[in-house]
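Presented sequentially are two complexes of subunit A, the first with subunit B as partner and the second with subunit C.
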Partner chain A sequence: MSDTATVPAHRRLRQRLVHGLLDSPGATSIILALLVGVVMIAVTGNSPVEAYTAMVQGAFSGSGLRNTIARSLPIITMGVALAIPFRAGIINLGGEGQMVVGGLAGTLVAIELDAPSFLVIPAALVTGALAGAVWAALSAYGQTWLQLPILITSLLLNYPARALTGYLVRFPFADPTVTSSSTVPVPPSGQIPKLPLFGGVSAFILAVLVIVAVVSIVNRRSVPGYETAMSGANSRFSRYGGVDVTGQTVTTMLFSGAIAGMTGTYLVTGETMRFLDGDLVASQFAWTGLLVTLLARHRPWTILAAGVFFAALQSGGLAMQRTTDIPWQLSQVLQAVVIVAIASGFVLRWRRDGGAPVDATGRVETERPTDDAPVGEL
Partner chain B sequence: MLSGLLDVALLDSVMRALIPILLAALGGMICERAGVFQISLEGLMLIGAFAAVAGSFAVGSALVGVLTAAVAGALVSLVLAYGTVTRGGDAIVLGVAINLLALGLTSFLIAQLFGVRGVFQDPGIVGLQRFAIPVLSDLPIVGSALFRLTPIATLALLLVPVLWVWLFRSASGTRLRGVGERPEAAATLGVNPVRTKYLAVAASGVLAGLAGAQLSLGNVVQFSENMSSGRGWIAVVAVLLGRAHPVGVLGACLLFGVAEGIGFRLQGQGLPSQITDALPFVVTLIALAVARRRFKRVLELTAA
Partner chain C sequence: MSADPRAPERPSGNELELRGITKRYPGVVANDRVDLTVRSGEIHAIVGENGAGKTTLMSILYGLIPPDEGEIRLGGEVHRFASPRDAIDAGLGMVHQAFKLFPSLTVAENVVYGDEPRRRGLVDRAKARRDVAAIAAEYGLSVDPARRVEDLPVGVLQRVEIIKALYRDARILILDEPTAVLTPQERDALFVVLERLRERGHTIVFITHKLGEVLALSDRVTVLRDGRAVAELVTAQTDEHEITHHMTGREVALTQRPAERTPGEIRLEVRGLRVEQGDGPPLLDGVDLEVGAGEVLGIAAIAGNGQNELVESLVGLRTPDAGRVVVDGQDITTDTVAARRRAGVAYIPEDRHRVGTAGAASTRDNLLMSYQRESRFQRRRWLDRGAVDEHATRLIDGYRIRVAGLATPVGTLSGGNLQKIVVAREVEHDPGVLIAEQPTRGVDVGAIEFIHERLVEVRDAGAAVLLISAELWELRALSTRIVVLFEGRLVGTFDPRTTDEQTLGLAMTGASQASGAGPGAHR
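Entry: the complex of A and B
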């Protein structure tokens, strides 16, 4: 990176664009996924041009932009939530469970707490965060005390989380006036307001920006941020260098669960207004967030961009389903193909000169910070 | 209470729960022995369940459905083999992505091919018949539960001793273990590690595909979205708990099968389904904690 100082500004900009975008494994993978989509659409007897046009229009024009941005909020926060432990080399597959448990806890506060909005909303979000953190702590301490891999326990805990919340909204906290398993609606005092932005986006967007900015600053400028990157790169070295890897495992998981739980609370008190059993699971935001983190290599601002991209794929896909008869799940397939391609290390070689963000074999370091980037730049 | 729980019907529901998990776990075990961390069993099982219904519906034959499931599972598993073995990619990332790919793909296809959402049920789907082994199936209590099974279930049970002998007594089984434990040494002795790993992953694809076929043509005759519902993940845990040994894996799977069977029974006695659904997962977590194996390999893989 030191040589860039001597290069004229316009060439630097071009370098950044060409190298940073076109040359990245992300761009290659997205192109590849879109090609897979073309084949899938054509094989099932539809026009790819028509389908993709409908997708782009649906994602950005008219109310599409609002839908895309609204959809991107939980994807981005879940992405950041999972990125925090991921950066330290810990894979949290339990985002879903943490989101669901936090979502119900926060919703119950929003329903039960009889106070003005400016108290109820923060109280609900904080409660959601705490409950999500508690659920994540089960996995974290499982690893630090019992040597049970977080990868496995966090995933398994998604199912009891579903069952527990499903039971609670079916029996003790059920709305007796409806047949579905659901809480009563969140009263106005507990609802997160909409902003007059892009035609009505939830005020939660402010929280999203703060979360992304804070995590980014902590990653770049703080001692824990440096230490997590070091553990992600080499946990043994990190431990040898005096980092409390055990404490770090617990801390990163707690923050991860907290942001997931807060996201769950937002999804109810800002969007659906009722905690309906299975709703948050079906949304798949936790898994989309995981894919976004993998695509963005756990960098917060890149997660924001990747989150908007995946949200556009989804809202565009839903619009495409309305205008053509192609199921929107095409978008889910495209998302997964992007990550398969990234993990397989496909990179188009546009570049002629040196300086590779991927290593010699073309393999992308997906779960660790890249070797070439100084830790301070992550 | 216990005497009311243990009977033929319980044994039958234990077997229904056991077989899909066992087949997938045996596939995962083969991969583990070849040194490939296989966490895409959940997705492969789902692909198998869908392909089985699609094949059976298209041709009107359960056998074709089963073969379609095996081939589809193998094909999708090659994505993992190519990504990890050929491209040196991360098996965990690829596994997660394949699981989500399977979920998206099957949901896409059920809507696109059959024009339905959520569940595809049709009299045109031919399910698997159970066949009775003469004499043995007449035994009291265990007879009908153990010896009146679908061909896939019988295959699953037979695979346990077969894989045991194959892994530890045959030349090719020893080569497979060699590739997993000492790839360089195996390569020096003329074993092709790349080919061995591809075959191991493809075998897990076939077995997970068959597990899916048992779900969608054996246990029920329909496909519903995300019908593997965590069984593939339980299979991953069974490989860990059973230390990638056929008998150990069978034991672990049996534990989950019994948990699900008892859960099913308790549901019949009025316990909310939300609680009984969680039972196999809670039992899995408790078993992990009790076993307190040091899952070094997984911990190293996740670099923590």
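Entry: the complex of A and C
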């Protein structure tokens, strides 16, 4: 009476989907999103093949490639920024605030510092990094001194960050010659140059590659990298083994905020040249970065790949709108499906693991709580 | 099939049959054509070492995982369980090793959760309490339905789990290692309950690897080894030797005391240790201890009498409110965990899943923990992968840990192998002070023997060993001295060679204390 073969097809599909979301949420989510896209395009009477072709061409040929790469840089750095604490089990939802505060601080240095480019640009990026780190430190110390969950404080601190920078560019640092709330333009000495590569991408791409490579090596080869991974897997185990989890909470948050702040500085001094109130928030890079980190499960090189994928989705969507009848909002729908699929993967895992309480160092416990796991007993 | 005289009101014959159950995982066959026959109204023990496939078999029976092959028959009828809900509806009830209760809810709320009695669309809490009280009274399970679960000791939580199953009309109760977390007194109380359940016609499947319990309680025994059912025995016609032989394929003797050794200079000294607790009585109150080189100091206590606070204060997971902890003359009372480890303290925690390991991390990474900052594992400040791998390989070989490779996540290992990872890592530090908390809880006979040998080696190497165990035979077998902790105070010191379990058990309840102390946490 053993009849695994007669299990209905829809049930097998569901099982496979569930397992896919548990084992490889990124790939499964993307495939699922593309399939949903096929259905949506077909329903509107268009050809999915044509649409996706237009999207791919738009994202990777001609000026499309430059747009895709330019768009991917802040997504990748924000992804890496959030991945650093995430790997230790700490969820930093304050990337946006750290990016905005760092962005303004760095921009002001780029505007005010009267020195040659090779001094101004590093000084601006470092200042942006420091300011982002300070903003992140508020959440980190809130956790370690006052037991305020980082998850909540980092998210809430996005609002004062917006308000503070909004005030600063409206009054003390406003450009009196324009009506919009923004700083004066960054002078040429403070502008990050373009490289003669892919039709002119920012030299910041070098910084992005260095950041990804360094974080990847530190993760895999260093003692703090090892300790971070162990805290993410089971913070009580880490504490028991002598890891300074409090110090780790602060350090990972500082690095996270620093990279976010540096990203903010780049977005102004390398792209828009003016810090315009609400500009960095509207870009949504912090949230796309979070999505990319979840998709890539906080591995730096995978974040790079996923960042390019999302950037291609966005720039390809715009190109598709130009050449077909399909609106670029399809890209947003695809992105949304990926989010929902990843989220359901988390919920599935959470339910399988019987819930995951957050402990006193702001970490989500991810280890299985049950004794002698029934599955795969060796 | 002859009628079972103990269950006159039930249809005679087999209540539960498993036929040819097979479950394969990559690289292993967890269950290999297992047959199991449980008669109506009997207590059927399932024994086997860790990794023999007991838990997998019960998970299949309870609908938690689907079998690859085989069938489940209840009262002769074939059932297929897609989820525990199906199993519950068919009359099965499971008491898991790790209780699945909501700490902040009351006993009654926990019991009725999911099947709440309703009145006008709302949960009828009064009826819930009455129903629970009625079940408790009928089966002699003394529980107050209005108490919050978080306030109750482990033995009572188990009763709540049993009531939960009975509330859902379970005819067949499956208990997974029910005595692993109980004191001897709680264990005896459980056995009385199980016998009463049998009298009322319930069928009980009892998973264990403790042979004393099998012989004391069960009617029949099925022995699993390496995923196969290797023997089905009638308890009255067998003995410990025969069962052990089927379980392990060899002879083992655990209760023999290792050669004695005269303790040397003091290595661990505790003075006036005190841990306060919000508004209640202190959790630890004026505890003084001295453990010498080559000595094993056993600590006997019922769960919740301060042993956890004592251990946490020693290893650095808690700062005591008063008192001192001194290791080799160095005061470590306020040191970090890392500093204490450098001072020579090693620690085998009681909970290997939540504290002792990270299940999702690799075997290599689990064995590296607490060594990663030592210079021998670094090369120009980076981790030296060669040294890390060599360390892990040496421990896996030296401790005969059965694991596929260095990259295998330890969450897939059986309890015994997982515990060996913890023991290997801690013992390898060559510690001056080893704190061993329930070092053999829930592991099989072979692993117990192995772990005991390692503890004795650590002792003989001149370490001070502090052994905290709920198994009195283990304390008696290994300790040089045994002290009893009751409500945070030391209430007596005993010589294990001249003290029997009854005397210790009595001291653990505070009976030897004239004052008797205040309201206890138990019952």
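To be clear about the criterion, the second predicted complex is superposed on the first by the 295 of 378 C-alpha atoms of A that agree within 3 Å, B and C clash if a C-alpha of one lies under 4 Å from a C-alpha of the other, contacts with A are read in each partner's own complex, and residues count from 1 in each chain.
The working rule: a residue touches a chain if its C-beta (ideal position, glycine included) is under 8 Å from a C-beta of that chain, and two chains touch if they have at least 3 such contacts.
Not measured: the values here are computed from a predicted model.
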Once the structures are superposed on A, label A:F171 by its partner contacts, choosing first (subunit B), second (subunit C), both or neither. first
Answer with first, second, both or neither: which of subunit B and subunit C does A:Q143 touch in the superposed model? first
According to the contact criterion defined above, which of subunit B and subunit C contacts more residues of subunit A? B
With the two structures laid over each other on chain A, which partner does A:G58 touch: subunit B (first), subunit C (second), both, or neither? neither
First (subunit B), second (subunit C), both or neither touched by A:P25: neither
Per the contact definition in the header, classify A:P74: touching subunit B only (first), subunit C only (second), both, or neither. neither
Touch test for A:G242: subunit B only (first), subunit C only (second), both, or neither? second
Touching A:I152 in the superposition: subunit B (first), subunit C (second), both, neither? first
State whether A:V340 touches subunit B only (first), subunit C only (second), both chains, or neither. first
Doubly contacted residues of subunit A, that is, touched by subunit B and again by subunit C: 366-368
What residues of subunit A sit close enough to touch subunit B in their complex? 40, 44, 88-91, 93, 142-143, 146-153, 155-160, 162-164, 166-167, 170-171, 231-232, 235, 245, 249, 287, 290-291, 294, 326-327, 329-333, 335-337, 339-340, 342-346, 361-364, 366-368
Parts of subunit A lying in touch with subunit C, wherever the complex brings them together: 1-2, 4, 221-223, 226-227, 229-230, 233-234, 236-244, 354, 366-378
Spell out the part of subunit C that touches subunit A in their complex, as residue ranges. 25, 28, 30, 50-51, 53, 55-56, 58-59, 64-66, 68-71, 78, 96-98, 100, 315, 317, 336-338, 340-341, 347, 349, 353-361, 365, 368-370, 372-373, 378, 381-383, 385, 402-404, 411-415, 417, 442
Can you list the subunit B residues touching subunit A in their complex? 79, 82-83, 87-90, 92-94, 96-98, 100-101, 103-105, 107-108, 111-113, 230, 233, 236-237, 240, 272, 274-275, 277-278, 281-282, 284-285, 288-289, 292-295, 298-299, 301-304
